[in-house]
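Have a look at this one.
Each chain gets a letter, A, B, C, D, E and F, in the order it is written, and its residues are counted from 1.
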Amino acid sequence: MKTAIYRKSNFCSAHRLYRKEFSDEQNLAIFGKCSSPNYHGHNYTLIVKVVGETDPETGFVIDMKILAQLIKEHVEDKFDHKNLNLDTEYFKTLNPTAENIAKIIYEILRPKIDARFELGIRLYETEKNFVDYPA
Amino acid sequence: MKTAIYRKSNFCSAHRLYRKEFSDEQNLAIFGKCSSPNYHGHNYTLIVKVVGETDPETGFVIDMKILAQLIKEHVEDKFDHKNLNLDTEYFKTLNPTAENIAKIIYEILRPKIDARFELGIRLYETEKNFVDYPA
Amino acid sequence: MKTAIYRKSNFCSAHRLYRKEFSDEQNLAIFGKCSSPNYHGHNYTLIVKVVGETDPETGFVIDMKILAQLIKEHVEDKFDHKNLNLDTEYFKTLNPTAENIAKIIYEILRPKIDARFELGIRLYETEKNFVDYPA
Amino acid sequence: MKTAIYRKSNFCSAHRLYRKEFSDEQNLAIFGKCSSPNYHGHNYTLIVKVVGETDPETGFVIDMKILAQLIKEHVEDKFDHKNLNLDTEYFKTLNPTAENIAKIIYEILRPKIDARFELGIRLYETEKNFVDYPA
Amino acid sequence: MKTAIYRKSNFCSAHRLYRKEFSDEQNLAIFGKCSSPNYHGHNYTLIVKVVGETDPETGFVIDMKILAQLIKEHVEDKFDHKNLNLDTEYFKTLNPTAENIAKIIYEILRPKIDARFELGIRLYETEKNFVDYPA
Amino acid sequence: MKTAIYRKSNFCSAHRLYRKEFSDEQNLAIFGKCSSPNYHGHNYTLIVKVVGETDPETGFVIDMKILAQLIKEHVEDKFDHKNLNLDTEYFKTLNPTAENIAKIIYEILRPKIDARFELGIRLYETEKNFVDYPA
């Protein structure tokens, strides 16, 4: 049977949900207060899951130090204390919803982690709203 | 691949675990202190999971505001600051265990949420005891 | 300088806020949904603070095992899985608000703990509402 | 002896720490990543403390529903899903550090709460960084 | 559909990650600060999941009191306030990584719980690092 | 009025409560399972409080980055993944109770922080047991 390991981290970012082709009024109707023009922000909590066999030599599925470093380098350093819409390459046209941020993080990390491991992303936007990708 | 979204909420209720056809002594033997005759109560924490495709237009699986409103109207307003055994229609004969409360919430919400979405209920009775329905 | 030690515990109780001399309608006007006639309930979280000098022999202000046992015997065993209004001697006429429950717990524990220690009670009714007695 | 009551709430805001009279480079040297030009954001957690005598009639220091409504109207509605620097009147020139936000919230709420009560503000910027005003 | 129930508990243990056939220097290279020779320790949080049908008579999947007692007797009493490497039979040669501790707990509890129930173990070594066995 | 700022951090250590001049049996009688001879351990959570005036120039009481670095260098690097009794200079004869660890951390940090600031230490040994020094 396989084992899942999880690593939790955090980043604090500004974002705005809207579509450029809509007016502020239309965006407000669809995205509510999340479309506030001058951005708002969150303390995002990220949990990365890696599923695989435990190595009998080390007792590790994957070295947590290496996983933590991958998350720091490829997610935290890109997103923390940034404006997701303006400061990252990913959300120029893609709406930075929790669903889309989780999917982007999956796509960033997937090629960095050996293909024999399954990968899962949980992202908390607030304590009350969170997502898993894939489900 | 699908995405799961989660919405957390709370309700504070009194309940008692027992079967009417049993004596208080019998109920105590089976249900322990949870059968205390004058009720006790909990701060229940509810997490509703909805699984589906992310809409490429909005970046949402489902609009969290609509989901939060459904939970408020159909669960919180019925259960919060109520006695589950006496004040709700669901637990007149059904024992209000965490397992049964989660199942009832599933049955309340399932017809309110489009059938293309999977639905899951997590219910914390205390920080130490919780259930998922379905598993 | 003195040291404060804290011990956290929990009890799950039903209660109702109301005054017998008022009608249900009057109680509703004053106490809101907390006056719901058939009771509701909470997972109360209790934090007992004891302030004193650290004993140079043991490195303890007070033996945490003894404090935990006092809390269990005199608070948890009386309040847990009980109806505060009906099953305890303290809230026959006194309204079981968080303020009053904290004060009663203070009065229960104060004579059990040596007078050279200061005593403080924090009581969480929910994660969002809590009190300290004394302030 | 007096009792303290506490009410917890949340708001999600964007902000940037900087002084207009400094260059971006100077602000980076002084404020670090918190000076990122396009803003970042936080899930702020606010705990408002009110200290007073418990009313023997109601068992309340202050009605928690009224306090919660004051916080919603005068803090959450002004700060939630807003850019603190751009969308509020308070931080046009004042740096929106946790220290200053807590002080502003104190000054907003102080005249709304009867002078016989003491008032205290705790503000969490993240789970790791928080402040009390007054200390 | 089946229901999952979860029971949370805790134990505080010392451990060291290393292989006897390696030198301290080699262990440090592979296991980092977790190989510190004189041990370090953790507040482990254990969540045991049991999946099955809800008994229509009781409304329980399994009696939580019985499950809690099994965990206390077979896990907490063996691991709590112990050195996992020195004081338990399980980690004389097996490295006490979170992955291996979760697997051992699974193997301890599996024969104690009726085979018609599925069993799952979640183990938090810290708030940031945790594992599931099986995945 | 002054402002208090708080910085939270963590360290994972092994320890044992006992006095060398007592036998294991005597230590067990006095210190209970905390005297287990081969050590046990905890995820300690440390909250450092600094009280002072907010600098009108920066809006900081003290630069949180500098405080975090002080804690890392003088507390975490000394205590994390260490055996408090064996690997540190502080607990050769002093019992590493939560009370004493908090006092030692106070004494380590006090000379590193400007005398115009008040300093306070909160240390959680577990989620249920914690101390403040000074009270």
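Following the convention adopted for this analysis, contacts are C-beta pairs under 8 Å (C-beta built on N, C-alpha and C of every residue); 3 or more make two chains touch, one makes a residue touch a chain.
Worth saying up front: this structure is predicted, and the values here are computed from it rather than measured.
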item: Chains in simultaneous contact with chain B and chain D; value: A, C
item: Per Cα centroids, the chain farthest from chain D; value: E
item: Farthest chain (mean CA position) relative to chain B; value: F
item: Between chain D and chain E, centroid-to-centroid distance (C-alpha), Å; value: 41
item: Inter-centroid spacing, chain E versus chain B (mean Cα positions, whole Å); value: 29
item: Set of chain D residues in contact with two or more other chains; value: 127
item: Every chain pair meeting the contact rule; value: A-B, A-D, A-E, B-C, B-E, C-D, C-F, D-F, E-F
item: Chain F - residues contacting chain D, complex; value: 1-9, 51, 54, 57-61, 64-65, 118
item: Chain B-facing residues of chain A, complex; value: 17, 19, 30-32, 94-100, 102-103, 127-135
item: Of all residues in chain C, those that touch chain B in their complex; value: 10, 12-15, 33-34, 36, 38-43, 80-83, 86-87, 126-127
